[in-house]
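One structure is given below, represented as structure tokens, and several questions about it will come after.
Letters A, B, C and D mark the chains in the order given here, with residues in each chain numbered from 1 onward.
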Amino acid sequence: MEKERIWKGRIDADPDSLAAKFTSSIIIDRQLYMQDITGTAAYIIGLKDIGIISGPELKKLLRGLEKVRNAIEAGKIDFNKYEDIHSLVEYELLAHAGDVGAKVHTGRSRNDQIVVDELIFLKESLLKALNLMLKLEEALLDKALKFQGLALPAYTHMQQAQPVLVSHYLLCFFEKFIRNIYKLFDTFESCDYLPLGAAACAGSGYGLNTDLLARLLKFKRVGANSMDIVSSRDYIIDYVYCCTMIMLNLSRFCEDMIIYNSGEFSYINIDDSFCTGSSIMPQKKNPDILELIRGKSALVSGSLMQAITLFKGLPLTYNSDMQEDKKILFNAALETMQSIEIFTKVLENIEFKVLRVNEDKAPGFTCATDAADYLVRKGESFRNAHHIIGRIVKYCIENEISLEDIPLEKLKEHSSFFSDDFKDAIRLEKCISSKKTVCGTSEKSVEKNISRGIGKIKKLSQTANDLKSRIPDFDELLSKKN
Amino acid sequence: MEKERIWKGRIDADPDSLAAKFTSSIIIDRQLYMQDITGTAAYIIGLKDIGIISGPELKKLLRGLEKVRNAIEAGKIDFNKYEDIHSLVEYELLAHAGDVGAKVHTGRSRNDQIVVDELIFLKESLLKALNLMLKLEEALLDKALKFQGLALPAYTHMQQAQPVLVSHYLLCFFEKFIRNIYKLFDTFESCDYLPLGAAACAGSGYGLNTDLLARLLKFKRVGANSMDIVSSRDYIIDYVYCCTMIMLNLSRFCEDMIIYNSGEFSYINIDDSFCTGSSIMPQKKNPDILELIRGKSALVSGSLMQAITLFKGLPLTYNSDMQEDKKILFNAALETMQSIEIFTKVLENIEFKVLRVNEDKAPGFTCATDAADYLVRKGESFRNAHHIIGRIVKYCIENEISLEDIPLEKLKEHSSFFSDDFKDAIRLEKCISSKKTVCGTSEKSVEKNISRGIGKIKKLSQTANDLKSRIPDFDELLSKKN
Amino acid sequence: MEKERIWKGRIDADPDSLAAKFTSSIIIDRQLYMQDITGTAAYIIGLKDIGIISGPELKKLLRGLEKVRNAIEAGKIDFNKYEDIHSLVEYELLAHAGDVGAKVHTGRSRNDQIVVDELIFLKESLLKALNLMLKLEEALLDKALKFQGLALPAYTHMQQAQPVLVSHYLLCFFEKFIRNIYKLFDTFESCDYLPLGAAACAGSGYGLNTDLLARLLKFKRVGANSMDIVSSRDYIIDYVYCCTMIMLNLSRFCEDMIIYNSGEFSYINIDDSFCTGSSIMPQKKNPDILELIRGKSALVSGSLMQAITLFKGLPLTYNSDMQEDKKILFNAALETMQSIEIFTKVLENIEFKVLRVNEDKAPGFTCATDAADYLVRKGESFRNAHHIIGRIVKYCIENEISLEDIPLEKLKEHSSFFSDDFKDAIRLEKCISSKKTVCGTSEKSVEKNISRGIGKIKKLSQTANDLKSRIPDFDELLSKKN
Amino acid sequence: MEKERIWKGRIDADPDSLAAKFTSSIIIDRQLYMQDITGTAAYIIGLKDIGIISGPELKKLLRGLEKVRNAIEAGKIDFNKYEDIHSLVEYELLAHAGDVGAKVHTGRSRNDQIVVDELIFLKESLLKALNLMLKLEEALLDKALKFQGLALPAYTHMQQAQPVLVSHYLLCFFEKFIRNIYKLFDTFESCDYLPLGAAACAGSGYGLNTDLLARLLKFKRVGANSMDIVSSRDYIIDYVYCCTMIMLNLSRFCEDMIIYNSGEFSYINIDDSFCTGSSIMPQKKNPDILELIRGKSALVSGSLMQAITLFKGLPLTYNSDMQEDKKILFNAALETMQSIEIFTKVLENIEFKVLRVNEDKAPGFTCATDAADYLVRKGESFRNAHHIIGRIVKYCIENEISLEDIPLEKLKEHSSFFSDDFKDAIRLEKCISSKKTVCGTSEKSVEKNISRGIGKIKKLSQTANDLKSRIPDFDELLSKKN
């Protein structure tokens, strides 16, 4: 039976063996077995509802599906006998439930069935990503709390710009990731519709109760147009886009950490258990994991390109090109999930070895803006203040002294606004505490943002938790058999 | 004065002329002049609020800005004298308002200023895209109403699959575009935050009233982290992603229309005023516009790749790489807007030359599924019914007859379930009316979906209209000068 | 022993288990086992040459490598115990050859070793691709010979333009693929250099005889700069670029064939054994394979993007990001090889069902250019002739007649140049035979191009065959042990 | 006349004004005016050769073309009146040369004409790129010569690995760029074929002397298949690929220089005239140009994606999608040329502020490999030596001492192989001189590679110079008028 193709309509010849191998997707879509079984279970309950199958037949079929599930999980099924997961489930069901299995495909097509499988997978996967991202945010907030009181220079153009709190630095990524999290929620909402009823492309010829099916499979809406349902994979592109944006932000975080881990910067220490050495240079302590994540960001953004190009200029409705979507999806999902998870662990194992804010050291030239602000507060226009400080910095560099070491008289040569309180104004602590706008690096703003962040994550975790009830469950469907 | 660079800090040498040309962005960011002037107007009102400038100075500066705006719009300003739009506005303001202009940059940096400009541009552009997309949807609904009663085959694998209503076909794209519209709304919300107060990267050293600034510039929220504000361009990537998804769906619509416009398909007629001919082959009637849109979908998706790659592995916070973001943004915006607009016009000038549903013709082999459904309704299992009809179709092809022309006896050789009512069951009208699931192609479902669509567009148009109040207006700000 | 990491320098802690899994590449690079063993065999011969190991040690080590190879091929080695293929070979060699195995890494690093493995793989893979492409070209020439005498319309803008020979159509792709073939040869040449001697990045501290190593491993050149050798993967990007260009041309060929296979065009017949049917629509005969190849072209071009993005802005020299290169390479190679191979088989099973050239039918309006050329030959300027024929075609369309059916008097109303010989001038046979430029579709030009093509493929096949001698062979190296 | 479209065949209606604007390409392809005029000049010489135009007509037309060229260059032509450059040249020629201009399009189509224009542009542009790249290589060799005797650490994983000569570092990029240069040459060869004779797609109906045309236009070969000629843009993709690979290597060079320019690394000093400051932070000295180039690498690789996606699944032969190819081409060309040129200037203005090789300082832990090599030379196996040195490095780090400061007795605790000569073996000078493989960083190898490089560039410059004779010249063609 395994050689019988479910699509064998007017086609006589057996497929060429190379052709059969080339068109088979089982090696990829086998990952969807649970989704396919779950979707099928709901569908047959729906078929019973409209009288296509009887109560006893339903019982038989659900029991059959249960056996198929068990056989797969016990490793008792040879996947390679089948061309795809739908054929596998249908034929195994025939084997386990008998002839009534031949009714399962009534009013359904592989064209809508695969969308069911993919949407269930997506919703599960989005929820998983959400939970991982929320954990990453918690780790960030933990670190931000822990490193209060430490400062490092913020960089622009890879040049020291202004001192900021380490916590402020970490909250920067907290914000980036929050945007990613919202995108995950949005994508969950946008892919939460029932595709059943679309059949091959024109709609099912049977009066299916789509509301019931949606309820059984926990879909929020019923899909609106059969041709759209079988021709669209927007949800996959959206999902891979979410992954891309997450990985993009991770790649920037990694880039910073890799640089901060260099001997020249030495801002951080990564625990040995998250580094590797060199096979030839024993002194190395390589941030492999961070580099790998940065590399994987290229993989995932290339996956996005694959998903987009796949659909460029593709005519309606279903075309076999779309079969390749699952490779793209599964790869992007795997790389992204792994990266978020391991990055969180690395982050938990990073220590910052930077200045204490209250150490009374001057923050090098990164206080230059504060020096200019000082002059402005004394009455100078900003543009002039900027020029004056610029000249003074140049003087310092040429004479290899720091801003705080210039005698007041020397300063007064540049501007009469300088006075005794200048040195205090450019102390690290002042440079930081002066940035008191809502988004600034002052301790107060940062504290407020940490506690806001904690509240936000608490709320979002609850929302994520609520999504669990929108994931269908095979065992729950099984219980409908009586 | 024009040779003076606003960033001239400790740098002595004049820039090399080739370097100056290479680093200049004025040829691109001049498009942002209105946004820069508007952002500056709000900012100086904010500076007055915290006492950095006086009431009379504010008046002078606002009048100065007005003059700068007028000078630009009268073509009286030589853009090429300046390296970027911020320098232009600042120096022209100095020229038009006098020395007080030197205060404008107090507590602000080009790093947050450019974000203000871009976010205002984005919100305007998103609103424009929304309105264009809503018009396209209206055109689709108009056509769907107009073409009720016409049918064409739906295709899978570029093979005739099942008959559908032309209206159903059009609603398929209505659904795709609705998703694009929601994405535009989501992107609007996600990029609606005030960047001012971030300054260079650590936050402003002045106690700016960011709530006031947000109100003046119509931003819904105040940005939360200064480093994030100056380092992130997620909003641009999101915007270009919206463009990509719109163009992707347009590319598929165009592909179909190009094929339907071929002599072999001949399903549509495009009005001459939207076609071109050939310089050498006088018989041609080329769907250039549709081809160009399909081509532009490649440009826009490549732009997305540019935006993403630009940020891959980029360290915090601001880097000059980001200066290139505007080219990407403006190109993607231009190609997309033009494409939506012209596509809508082409669509309005397309006629469908296909079958009337009630013409009583049989729909070729596209009724095969209905033939199988017929057997199922008579008691056959679907899988068997599929095989039986498959064999009959093969017989028809070999004998060059159609399904409706096979005598009943012949049919009965294949299955005893066949009877007199078979021919009626596979009439075009029946094939269509039988697909009565919510998403199916039956007249009733389609009618319902059209009127739902009309309601939805009405509501979304209202929502889009409400967004106008979230776009800042320079003239309104000018009125604050007293 | 398996838990011992070869890079364990100053790192104390055991790697975190999640980290170990994340950084491991064995699941991917196990494919390179034969290349790693071969590279190692040559290297130890080189070590003997400079006296690092003795003759008996060499013997022991080569025998050890042989055993490792055999153990792997007998499935006796648990790959998952190792983090990468280099560790596997080194530790298994230690196990099979004893302590002398600890000398194998002298003056070599995983940084140059992986390049050896990849370059050998690439050269093998390029040769395989060359042979597949040459077979495809042969199949094209066979078909071109077979289908002489058949004509179909050439299309521009998906509109019938001018009649061409089917052979001419096929030769179009012959030319495209020839360019791909040249690119494969070029890439082979550019990646044919010995990386050994580069060690970690600064060059080997031992006086390796790189000429000998190059000879043993069949590399044409010796790499010129150690930092370049360990930091560059240009060869992988070049390879994936070759794949992309091949797939791009295949995607266009597939697109045409998919359209020609539609019921509306019906130009070709694909043998049943290379089509599939529908699970719900028994009349379908779907060109799945062609659609899949078109889809895979998106995968491969996305892989190119992955490879490029991976290296964007990557600092020198080796970074772990580069570990991801193999996934990209292997995926692109697999999809491309499979696609070329199966496409060749499909092509061999396609029949053209189009017009015979000498059937004396007129080629519809596709003879319009010839009609204009007729007028030009009679004395009209081309631009005027184009306008005259344009008006006549319009007249024909409105009156539903063909060009050949217009009475001469009617034609003369449009131009006095028309005379009796017009009908003959626009016969299909004439339209084709008149295109006698070297690149034109006349029988003569096409025949000449077919025989030129046959000669070219013969020569290129010989060149490809010669490349075999530039692929290293482990068994040949083994023979050096005495 | 300007409203007359040259393609006006059977199309009646005037184009819709929005449609006309949308389909017009003049704003882009006006850059090709000289190529179009040159191609046309050669073509009419070819038409005279086969008797389509007379000697006096040829004279008139060439004079007309000369006038058109002059009018364009004097700014006397309103480009916006025309839809594309071909129409412009044709109609302006009609205006300047009279009715005989109507013959110019005989046997030619815009489909082959645009390929002529593009191929001429490409050859010119490739030659320009070659010269710029050769200059960059010369600058690199100059710097390599100049900085002999300076050393810096080579990095792997952004960790100091081993000391190398600055010259060696620079030669690394020399090698990368050499590969780019070869690719430019290869692309020149592959795009050097005459497209004329292909006409619309089937070949010209006139017996054109294509050998003559190729000679006149300096094309090496005559294109082989008309359908391929008008449907392929492989040459554009190849060109943009060249640009991408150049930019990719530049992006890595820039990344290194940006990091080396940081205060933490401080390896280089970029001349002030190639840096910019900050508008708010006066101490900054930003490597804008390098960042911009890194950013532009994202633009160019996105352009490659655009070019590839444009052709994915595009049916034969010409489609208007292809009109967008010029935007892609011109953008990629512009960004790349500018980047190479300015980068060369920046490079010339960079000083290295690193260690002198003979300063007798120890190179920190970057001598660790040499320390291990020391033990191997004394008789230890490499793997053991690696472990021993690893432990010693760890000891040094914990005790904050350097390798050279450990007393011999302490060393002997780790291995009895240590002796008096150890300290000398790990001096910077020794670490460098020991890497004497051909590709290693020893002074000798580097010197040899510099002089080899000088020879190579000399030869390649000659080859590039020879290509000038393969660029057509309008004035030379004009001289044929008598």
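Going forward, a residue touches a chain if its C-beta (ideal position, glycine included) is under 8 Å from a C-beta of that chain, and two chains touch if they have at least 3 such contacts.
Remember, it's a predicted structure, so these values are computed and weren't measured experimentally.
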Which listed pair, B-D, C-D or A-B, shares over half of the residue-numbered contact pairs seen at A-C? B-D
Winner on C-beta contact pairs when A-D is weighed against B-D: B-D
Calculate how many whole Å lie between the centre of subunit C and the centre of subunit D, each centre taken as the average of the chain's C-alpha atoms. 24
Intercentroid distance (Cα basis), subunit D paired with subunit A, Å: 36
Subunit B to subunit D: how many Å between their CA centres? 33
What parts of subunit C, by residue number, touch at least two of the other chains? 6, 8-12, 105, 111, 155-158, 161-162, 199-200, 259, 277-286, 288, 291, 294, 297-298, 301, 304-305, 308-309, 312-314, 319-320, 368-369, 386-387, 389-390, 393
So in the complex, which bits of subunit B are touching subunit A? 6, 8-12, 52, 99-100, 102-107, 111, 154-158, 161-164, 168-169, 171-176, 179, 182, 186, 190, 197-208, 210, 222-232, 234, 237, 241, 244-245, 248, 251-252, 254-256, 259, 294, 297-298, 301, 304-305, 308-309, 311-320, 368-370, 373, 376, 381-384, 386-387, 389-391, 393-394, 397, 431-432, 434-442, 445, 449, 452
Touching residues on subunit B, where the partner in the complex is subunit C: 155-162, 258-259, 261-265, 277-288, 291, 305, 308-309, 312-314, 364-366, 368-369, 372, 386-387, 389-390, 393
Partner subunit C, residues of subunit A touching it in the complex: 5-16, 18-19, 22-23, 86, 105, 108-111, 199-200, 271-286, 288-289, 291-292, 294-299, 301-307, 309-310, 312, 319-324, 327-328, 338, 341-342, 345-346
